[in-house]
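Below: the structure, in C-alpha cells.
Labels run A, B, C, D, E and F following the written order; every chain starts at residue 1.
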Amino acid sequence: MVTALPLPPGTLSAENQAYFEKCQEKLGFIPNVLLAYAHDDAKLTAFATLYNDLMLAPSGLSKLEREMIAVAVSSVNRCYYCLTAHGAAVRQLSGDPVLGELMAMNYRAANLSVRHRAMLDFAVKLTETPHLVGESDRNALTAAGFGPRDLWDIAAVASFFNMSNRMASAVDMRPNPQYHAQAR
Amino acid sequence: MVTALPLPPGTLSAENQAYFEKCQEKLGFIPNVLLAYAHDDAKLTAFATLYNDLMLAPSGLSKLEREMIAVAVSSVNRCYYCLTAHGAAVRQLSGDPVLGELMAMNYRAANLSVRHRAMLDFAVKLTETPHLVGESDRNALTAAGFGPRDLWDIAAVASFFNMSNRMASAVDMRPNPQYHAQAR
Amino acid sequence: MVTALPLPPGTLSAENQAYFEKCQEKLGFIPNVLLAYAHDDAKLTAFATLYNDLMLAPSGLSKLEREMIAVAVSSVNRCYYCLTAHGAAVRQLSGDPVLGELMAMNYRAANLSVRHRAMLDFAVKLTETPHLVGESDRNALTAAGFGPRDLWDIAAVASFFNMSNRMASAVDMRPNPQYHAQAR
Amino acid sequence: MVTALPLPPGTLSAENQAYFEKCQEKLGFIPNVLLAYAHDDAKLTAFATLYNDLMLAPSGLSKLEREMIAVAVSSVNRCYYCLTAHGAAVRQLSGDPVLGELMAMNYRAANLSVRHRAMLDFAVKLTETPHLVGESDRNALTAAGFGPRDLWDIAAVASFFNMSNRMASAVDMRPNPQYHAQAR
Amino acid sequence: MVTALPLPPGTLSAENQAYFEKCQEKLGFIPNVLLAYAHDDAKLTAFATLYNDLMLAPSGLSKLEREMIAVAVSSVNRCYYCLTAHGAAVRQLSGDPVLGELMAMNYRAANLSVRHRAMLDFAVKLTETPHLVGESDRNALTAAGFGPRDLWDIAAVASFFNMSNRMASAVDMRPNPQYHAQAR
Amino acid sequence: MVTALPLPPGTLSAENQAYFEKCQEKLGFIPNVLLAYAHDDAKLTAFATLYNDLMLAPSGLSKLEREMIAVAVSSVNRCYYCLTAHGAAVRQLSGDPVLGELMAMNYRAANLSVRHRAMLDFAVKLTETPHLVGESDRNALTAAGFGPRDLWDIAAVASFFNMSNRMASAVDMRPNPQYHAQAR
C-alpha cells in the first residue's frame, strides 16, 4: 500500500503515463508520492507541475540547496516520507552522506556556510512560527547575499514542504524502499 | 505594494492574461496572491492550477466546507492575507457573516455539526502537529461520514493552506482592501 | 443563552440597574458580559468597576490604544467574545475597519508606529510567557516613550484581558450579535 | 521597593486607609500587592473589591480550595509573588505545609480527592489553553459534583490569578518577606 | 511507599550498606532516591557514583551553584522530588531560604550576579530546547567568566537533573518529609 | 575535535585504558562520547558504568528495545550524536535498516507491535512532558505486558538519554564517522 487510503488508481493522461515511464526508466521506480496522487489525473498534474517547477526550474538556489530546505523543513514536521526521499536526494546531490543525516537530524549541528545557515534558519522559522516572520527575517537573508527572487524561492520551497509533509502524514504515505540505501 | 519583495511583473501567457481579465470582470479586482505570483508565469500557472482544482473542482466537500478549512487553518497560522480573503469567502458562500468570524477567531466556539467539527479538528491537528496524525484521526473522519476521497480532499485543502499561509507571511502579502467589507 | 451556565439572574442594585439602562440607551443593548455577571450583584459591581477604570479612566494611553491591547491579547487567547466586542471597539474608535481586523488576526502584519508596536509586543509577551517578562521588556517600553504610569496601564489592560478571555471561554460567553456589523 | 516602577503613593480614601490599618493589625504587614496599587486610590479599590469578593465571599468552594487554585495557576505562570503569598495561605488554611509545596511545584504529584483533581485540572487547562476549554471540560466538573455556580467560581478564581500573575510579573512585584516562614 | 513501583529491595553490597548507614548518621534519614534504586545494587552504585562525583567532587562551581542548577532545572520539569530535596539543599548551603524559593519558583525573579544568571540561563535553555544550544550559548558562559571545565560541569549537572527529574516522575518518587522544614 | 571544549585528556586508570582498547578491538574505534569524558577519569568511569548497566545488563527489555528507546528519545531532543550512534545500533541489532530510520524520524510512522508502541509512547511522553506522567501512563505499560522492573528499565533508559542528549548538545559532541555507513 502506498497510502492508508483505499483510492483506486485513476485513468492517467498520456503525459502522466509518459512521466511515470520516465521515472521508472531514470530512477528504477515511480516515487510513491506520484502513485498516491494518481487516483486523480488532474491532481497528479497539478502537484507534479508545482513540484517540478520548484525543485528543478532555474533558480538562484542550487538543486542541492532546495533539497536541503526540503529536508530541514521535513525534520521539523517529522515527515517520514519526505525525510526518506529527500534525505536521499541531499546525499546524492552533495555526494556527502553525512550532510543528508545532518539535515534530517538537526541542521544546527552541521558546519554550514553563512549562506546555508541563513537559508535554513529562515525556512525553519517559517515552518515553526510563520506568524512571527517579518522584515528582520527577510533582511537577514539579504545580508547573507540572497536577492528578492532567491527569497521567493527559499520561501516557496519551505512552504511547499509544509504542504507536502502534511499530505504525507495525513494519508500515511510510505516511501519507496529504494531510497534508504541510496548514496550511503 | 502587493508584497515586500521588489519583483518586477513577468510576461504573462495569453491564458493567464485571460484569467486575470476574468478575475477583474467577476470580482472587480485581481486577487493580490495572483499578482504576487505574476513575476513568473510558470509559477503563477502552477499555483493557480493547484488552487483551482482544490477549491473549485467536484468534491464530496462543498465549496463552503473547503473555505471553512482554509480559514480555520489560516487562523492557527495567523495569516493576515488568507484570513481576510477566505474569511470573506466563508461569509459570502454561507450567507452567514458570523460563521466567517468564528472560523477566523476560534472554530471551537461555533455551534458546528458533527461533520464540520470532525473536519476542522482533523485540519487543525494536521496543521499544528502533523507528526501526531495517524489511524485514529482518519477513523474519526470515517465515523463522521467521510469517505476516503473526502479524507484526501480535507487533507489536501488543509495542507495547501499550510503552504499558502507561509508564502503569504514570508513575503508579507497584502490582501485586496475589497475583502474587508464583503458580505458583512 | 448568554453563557453555558444556567445561573438565574440576581437582584440588581439600583446603581447596576441604572448602569444597564444607560447601556441600553447608549448602545442599544446590554453587553452580554454584564448579563453574564448579573447572577450576582456584587460580582457585577466588582467587574464593572475594574473594567470601567481600566478602559475609560484618564490614562497616558488613549481609549483606542487600550482597545488595541484588548484585541491583541484576545487574539493570543482566541477568545471569541472579546475579539468580537473589542474588535468592534477598535474599528469604531479608529474609524479604520482594517485596523480592527489586523489586531484580531496578527498585529505584526499591521504597519504600526514604534510606540504601538512596542506596546503590543509587551502586552503579547506578557500574555504568552509572563515568567519571561523582565527589566529589558520594561526598558523597551521606556525607550518607546512610555512612562512608569503608562507601563502600569499597559500591563493592567493586558492582564485584565487575560482574566476576561479565560472567564469568557470557561463559561462559553456569547457576544451580542450587534457587534459583528458595527463600523465595517 | 515594592515593584520596579517608580510610582509615588497616591492619596488614599478613608476606607482604603482603614483597610491598610486592618491588614497591619491582622497580618502584621500590608501585602505588597496592595501597596503596589496604592499609587491610585481608584485602582486599589477596584482591585481589592474584586479580590475580596472572589477569595472571601460565600461560595461553594472553601477558602482553601480557592487558594489551591490560586497557587496551581500561579505555578503555571511561574509568578514569584503569588506563589509566595498564596503558597503561605494554602499552608495556613490547610495546616498542611506539604500541600502548599505540592500546589506550587506540581499539583499532579499530590494525592488529591477526585473533586480537587477535577477542580485543578480545569483551572490549569483554562490557564494554559483557554481556547480549548469547552463543554467536555465543564461536564467533567459537573461529574465531580460541582454545580453551575461552583463552576463560575472556579473559573473566576483561575481567571483572576491569570490577571494577577501577569500584573506581578510585569512590574516585578516583590512579596513581603514574612510569607516565606509562615506555617512551615 | 518510596515509589509507585512494587520492587522488593535487593541485597546491598557492604559498600552500599555503609553508604546508607552514613546517610542515616549524617542526615537522620536515607534519601528516598537511594531507597528507590536499592532494588538493584549495581544500579544504586552507578547512580550514586555519578551523583556524588557531579555534586561533591572538586569543581570550579561551588556546591551551592550546583544545587542552584539542580533546582532551576527541576523547576522547568516540575519534579516534586527534586524540587523538595534540592530546594532544601539550596536553603541550607546558602543560609538564604528565599533563594531556595526563587530557584524553585522562577530564577528570573531573583536578583542574581551576572555569573549566576548566565549559568542558569544556560542550564534552563539546555533543559527546554537542547537542540538550540550552540556556540553563542557557550560564548555567553565564557563571557561570564566560566572556563571550559566549568562549562562541562554546568552542562553535566543540568543534564543529570534532566535524567533524575524524569526518573522521579516516571516512578512517582516521594521525597522524605524531613526536607520540607529544613533551613526555613 | 571530539567536542567544542578544549579539555586536555586526563590520565586514565588501567581499567579505562583496557576499556578503550576493547572498544578499539571490537568496534574499530573508540566512541567519541568516551573520548569526551576522558578529560577526567572519574567522570568517565561513572558515565561508562551507568551506561553499560543500562544498555547491556540483564533486563526484561532486549538490547534492541533499549536502543529503540534511545533513538526515539534522541529524536525528540534532535541530538545529532545519539541519533547517529544509536541509530546505527538499531540497524545492527535489528538487521532492519528501515527500523533505524523510523526511530530517528518518527516512531509513530513505524508498524510497531502493541508492546513497542506502548514502550515508546511512554518514553517520549516522559521526554516531552515529564510533569504530566502519572498512574495512567504506568497502567498503559502494565496493560501492554510490562512488569514493574520493565517499567523501571524503560524509564531509566529514556531518562538516561535525556541526560546524554543534553550533554552532547551542550559540548557539541561529534559522532565517529564510522556510524553513518554501518548496517545500511
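Note that a residue touches a chain if its C-beta (ideal position, glycine included) is under 8 Å from a C-beta of that chain, and two chains touch if they have at least 3 such contacts.
Bear in mind the structure is a predicted one, so any value in this text is a computation, not a measurement.
Shared contacts of chain A and chain D, meaning chains that touch the two of them, come down to B, C, E, F.
With steps allowed only between chains in touch, the distance from chain C over to chain D comes to 1.
One inter-chain figure worth recording: chain B and chain E are separated by 50 Å, centre to centre, where each centre is the mean of the chain's CA atoms. The mean-CA centres of chain D and chain E are about 30 angstrom from one another, to the nearest whole unit.
Along chain E, residues 78-79, 106, 131, 134, 172 each make contact with two or more other chains. Here, these are the chain pairs in contact: A-B, A-C, A-E, A-F, B-C, B-D, B-F, C-D, C-E, D-E, D-F, E-F. Remark: chain E residues 106, 108 touch chain C in the complex. Residues of chain C that touch chain B in their complex: 75, 78-80, 83-84, 97-98, 101-102, 104-106, 109, 172, 177, 180-181, 184.
Residues of chain F that touch chain E in their complex: 4-7, 39, 42-43, 45-47, 49-50, 53, 57, 77-79, 122, 126-127, 130-131, 133-135, 138, 148-149, 151-152, 154-156, 158-160, 162-167, 169-172. Residues 131-132, 134 of chain E are the ones touching chain A in the complex.
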